[in-house]
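Note that the chains take the letters A, B, C, D, E and F in the order they are written out, and that residue 1 is the start of every chain.
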C-alpha cells in the first residue's frame, strides 16, 4: 500500500518531520510518498495562507494519485482543501484535524486541541463543530508561530506544555490533540509526561488512510464529492482544469 | 461609495448580469466596480472549482481595494474564499449565501434555497448550518448547469420554478432564496409570480456592503481575520505573498 | 424612503438619542419617523416590562404604517414584539438584537454582546440561540439600569468599558455588540478606543430596513407572519382588534 | 392546594372546557380557580393575538395570586406570556406547550404535536427547539380555526385524526401531543383509538403545577425571572406598573 | 396509587433515605413501595457500576410491576437502565436526572447540577444534552464518594456547598439540582440557605410518576420502547428472558 | 497484535460471520480472538436485550484482556456497553456504530444507516446525535429480525436493498452504513451493486482498533472512563466486582 502525504506548507523540513511520524506508525507494507507542495506559503497560518496553498496542494494530490497512491493525507491541521481534494481524487483523502478529532473521540469524552496561533483557534473550533465534535472538543492556542516548531531552540515547547496544563486543569480535558502538523514528534513524550492520550494528526490520518484502503472504501462520487466537470479554466489556472 | 463586485467565475457575461443586479439596488451615490476574475474556472460547480477560483478571486480583491473600493462582494453563492478575503482585505467583504440567508431571516421563519446542481446542495446546506440557519433553511437543487442560466433558451427556468413549487408545497417555505449568482435577474419576476419574498444574493450582499460602510464598520482584525503574516510564498504563488 | 423608529420604552429622551443615531447612519433620502410609545414602561428591563410594552408598541407600528412608513424598527434590544409586529404590518420590521447580531456576524467569527442588567443577559442569550448565533455570541451584563444611560453623570460608562475589556480578554471577542438601545451614542467612541468593531443596534437595524426596502422585500405573509385574522377583542383591548 | 387556570383567550366556553379537563386530573385536595381573561382576542391564533392577550393574561395572574393561588397555568398552547408571568408572580407558572412536551418526553423518544393553524406550526416548532425538544418533536397543523373546536358540528375532529394518522405513518411518532387548549376533551378518546399516548396540555400543566407546589418549589427570582423593578408605566398601562 | 421506588445501588440505608424523601412529597393516597436491588454494586459510580446494576434493577422493576405498582422510579441520578426499564415495563418509569432537569426547567432558565464524582460529571452532562437541556444546565462535581453521603461525619456537605456557591457565582445559576439520589435529605435546607430553588431528583421523579398515572398515560409501546421480543437468553441470564 | 471481538449476542453463528469479516480486513499480523458472550440474549433487539447482554459482554471483555488482547471490539451495532467496557478495560474498546459512522464521515457528507428493526431505529439515531453525526446521518429500519440475517432463505436481503434504494432516492444518501453486526458479509456485494461506499461496522471497528494500537493510544483513564472503584457487589453479581 502506498500513501501519499502532501505537505501544503512549502517547507521541506516540516515535510520530513511529518513523513517520519507517518513512517513510525505505518504498517509494515505501507510506503509513504511524501511530497512538499511546490507553490504557496512557507507555513499556513490563517485563512489567506490556507487559500493560497490550494493550487499547490491539489497539484500534488493529482501527481501522487498518478504515481499510484492508494490514499492521500493532507499534512495541515486546518484541513485546508480537504473537500476539494476529495472531489478531485478517486482515492480517499484524509485531513489531520478530522482524523485526530475522530481518533480522540474513541478514547475520551472530552478533549482539548492545542494549536499554534490565536488566528487558527476559531478556525479549528469551527472545524470541530462542522465535524460534530463541538460539544466534546475545546481549542486553545499556545501563541507559537508554526515555523518556530522547526527550531529546537525556541520557546515553543514551554508554551505548548503550559497550555496543555491549563487544558487539564481548567477544561477537564481527558485527552489532548496536538493541533499542528509540525508537532508530530512531540506526541509520545507529552503522553508519557501527562498520563493522558496525546493524539497527533499525522499519525491519526495515516492510520485512517490505511484503514479505508484495507476496507476497499473510497470517497463517494455521488453528491458532494462528484468529480469536477470538464470545463475551461482561464489564465494562469488553465493547466489545472479538470 | 465604491463597492467592488468580484466574479470568481471567469465568465464575463455572468459578471455583467450580476453587475446589473447590483446597480439596480445600489443607492444613488454607490458606484459598482465589477471585476471578472482573470484566472480560474468558467463556472464554479462544486468544491474543486471553488478551490481553484481562489487565487484569481483574491487577486481581484486586492486590486479592487487598491483602486479605492470601500467594500467588496464575492459573486458566487458558495461563499468560496470569503474567510480568506476577509483576512486579506482591510475593507469589509460580503458573500452571497451569508447575505441572502440573513436577509431572508428578517422576512420569514422558514425558507428554502434553490440552487443549481446536486453537488452544491450539501455544500450550501453546510454553509447554512455554519451561519446558524440550519433549523430555518432547507436547500434544494434544480439540476441546472450554472452556464445554462446564461442561455435564455435552456430549460433552466422551468426546472427552477418546479423546485420552487415543491419548496412551497413540501417544505412549507415562507420565502425563497435563489442559490446562484447567475439567477439575479429572475428574483423580481418569481416574487410576483409566487407571492412570497424571493431573495437574490447579489442584491442582498450589495446592500449589506453599503450598510457596513455607512456604519463605519470593517472586518475585525482581532483573531480569526487578522491580516496575513509576511512570509515567503514558493513557486508560481510567490507574487501572492502577503 | 421613510423609516419608522418606534421606541417601546415610554421615555422621550431615549427616543431622541435613538433617532439621532438613526439619522446619523441613514442614507440621504431616508426620513426617520421617530415615535415614543404612548403607553407602557418607562424602560424595558426584563420579561414583564417587555410584555406590557406590546400594546403601545403595536399601536405605534400601526400608526406609523398608516403615515406611510416603508419599514419599521423597534428600538429595544430585547426584540420585544418583533414577531407580532411582523404579523401585524405589511411593511418589513426590524429588531435591534437580530440586526446587530447579523451585522456583527459579517465582521467577526466570535463576538460579545454587552447589555445592561443581569435579568436581560439570559433573555438575549436565548435570542442569540434562536437567531442561530449561539455558538458565536456571548452575552455579558454590565449591571447598569437602562435609564442610567440617559444620565451622563452616572457610573454607566465605566461599568460598560470594564465589561468590554473582560470580553476581549476572557471571551476572545473579535467584536463588541452594544446590547441596549440607549447606548447608541457610544459605539463610535468605543470602537476607536478598543480597535475592534463595535456594533450599535439602532444603526444596524436602520440600515437593514433601508436594505430591505431597496430590494423590494417585505415580510412573508405565508405561514408564521400571516396577517391577523379578523375577530373580536374583548374589554380594554377591543380597539386593537385586527 | 389552589391552582389558577387563566385562559388568555377571552372565550368563556373554552375556559369551561379547559377547567373541566383540569378538574378531571387534579388531585382530590386541589381546587381549580378558572379565570377567563377580561381583555384581548376571543382566540389566540398567531403572534399578534398572542401579544395582545398579554395585559389581560397578566392581570388575571396577578388577581389569581392575590386570591391565594399556589400555582398558575396559562391555558394556551403557544405559551404566550409565560416568561412575563414567571417574572411577575411569586407562585410557579406553567405553560401548556412546555408541560406537554416534557410529559411526552417521559413516554416516548419521538412524538408529534398536532396544532390548529399553519401560522401556529412554526411558532410551536420554535418553542420545541427552545425547550430542547427539537430533535424529538415534530409539529403538524390540521388547518382548524381555534373556535371551531368549540363547535361539535364542525369538521375539526376529522381533520385532527387525519393529521394524527399521518404523524403515525410518516413521522414514526410514538406519541401524540394535542397542540391547543381547546382539544382537552379529546385526548382520552384518541388515545384509545390509536393505542399511543395522547398528551393534553391542560392536564399536563395542572399536574406539573401540583408537583411543584408539593415539592415546595417556586420560580427562581435570581436572574431571568427577577421580580419587575418598580417604575412608572405611561398611559393606559399605568395601572399595570409593577 | 402505588409507586415503586427501585434503588439500583445495593445499599439499604440509601434506599431508606430515598424512600423517606419520596414519602415526604407523595400525595396522600400514594403508597411508596421501596425495593433495594438484590444484586450489583453497593454504590453506582461511573459507567461500569451502572452497567452491572442493570440485572438487579430490571428484576426489581419486574417484581414491583407484578406487585401492582402503577409507576416506577429508578433511584439513581445516572438514569441507568431507564430505557431498558421503559421497554420492559407496561407501567411508566421515571429517572431522577430526567425528572429533575425537567422540573428545574419550569423554574429557571439556567441551572447547575452538582453531582458527586468527576467520573459522573460528563456522564450527566451527556444526559443533559440528550434530554435537550445542554444549553441550560451546567454540571459540577463536588468530589464526594457516594457512600460518604450516608456518613453524617464526612466532609461531604462542605464540599457540596462550596460547589453550589461556585455555581451561583461563576455559572450565574438560577437554580440548583442535586445530582445524586443520596442527597435527597439536603434539598430543603440548601434551598433556604441560598434562596434559589434546589431540586432533588427523588422528589421530582415521584411527582412525575404521580402525574403520569393521574393522566392515564403510559410509556408508548410503539417504536423505541416496544416490549422485548420473546427469545432465548443464554447462561446465567436465562431467567431474565422476556 | 491481537484484537478481541466480543459478540454480545449469544449466537455462535453470528460470531463466526463477524469473525470472518474481521479476519478479511485485518492486517497480516493481526490475530482475531472471537468470543461469544456466555450469557444473555440470543440476539440484541432493543433496549432490554441490550441491557441484559452487559454482564456477559463485560465478562468477555475482561477475559479477553486477560488473554493478552491489545484492543477490543463489541460486535453489536447498538454500541451497548461501550462506555462501561472502556471504563473496565485498560485496552482500547471500539463499537460498531461509532466506528462505522466515523468511517462513513471520511467518505461522504451525508449518509444513511440501514438497520434491522424499527425499535432500533431511534436508538441508533440517538447514537448518531451523541456522536455528533446527527446532521449527516439518517437512519432507516428494514423490518428484519436480527436472526433472519443468519438464514439465507429469508426475505432479509430484499428488504435491505429496498431500504437502501429509498435512502439513495429520498435521502440523497452519498454512502450507506449497514446497521447490524450480522450484515457484515453483504457490504462488498452491495457496494458493487449501488456504486456508493457501503460501510460495515465490524470491518470499520477492527481497523480502528488496529489504528489505535499502532499509535500507542489507549482509553483515557482521566474523567469519564476512570477505572471502576473497588467496592462490594451484592448477590449474583458479586463475582463481577471491580
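As a convention for this text, contacts are C-beta pairs under 8 Å (C-beta built on N, C-alpha and C of every residue); 3 or more make two chains touch, one makes a residue touch a chain.
In this text the structure is predicted, and so the values were computed from the model without any measurement.
With angles rounded to a multiple of 5, the C-alpha fit of chain C against chain E returns 120 degrees of rotation. Interface chain A/chain B: over half of the residue numbers present appear on both copies, so the contact uses mostly the same residues.
A centroid comparison over C-alpha atoms places A as the chain most distant from chain D.
The most distant chain from chain B, with centres taken as the mean of CA atoms, is E. Centroids of chain A and chain E (each the mean of its C-alpha atoms) stand 43 Å apart. Distance between chain centres (mean CA atoms), chain D to chain E: 28 Å. Chain contacts: chain E has residues 109-110, 118, 121-122, 126, 129, 134-135, 172, 174, 223-225 touching two or more partner chains. Listed by label, the pairs of touching chains are A-B, A-C, A-E, A-F, B-C, B-D, B-F, C-D, C-E, D-E, D-F, E-F.
Residue ranges of chain E in contact with chain A, taken from their complex: 118, 121-122, 126, 129, 134. Interface of chain D with chain E (complex): residues 25, 27-29, 92, 94, 98-99, 102-103, 105-111, 131-136, 168, 172-175, 188, 191, 195-197, 199-200, 203-204, 207-208, 210-212, 214-225. Across the complex, chain A is touched by residues 10, 37-43, 45-52, 54-56, 58, 81, 83-84, 86-88, 118-119, 121-123, 126, 129-130, 145, 223-226, 228-229, 231-238, 240-242 of chain B.
Of all residues in chain C, only 109-110, 135, 172, 174 touch chain A in the complex they form.
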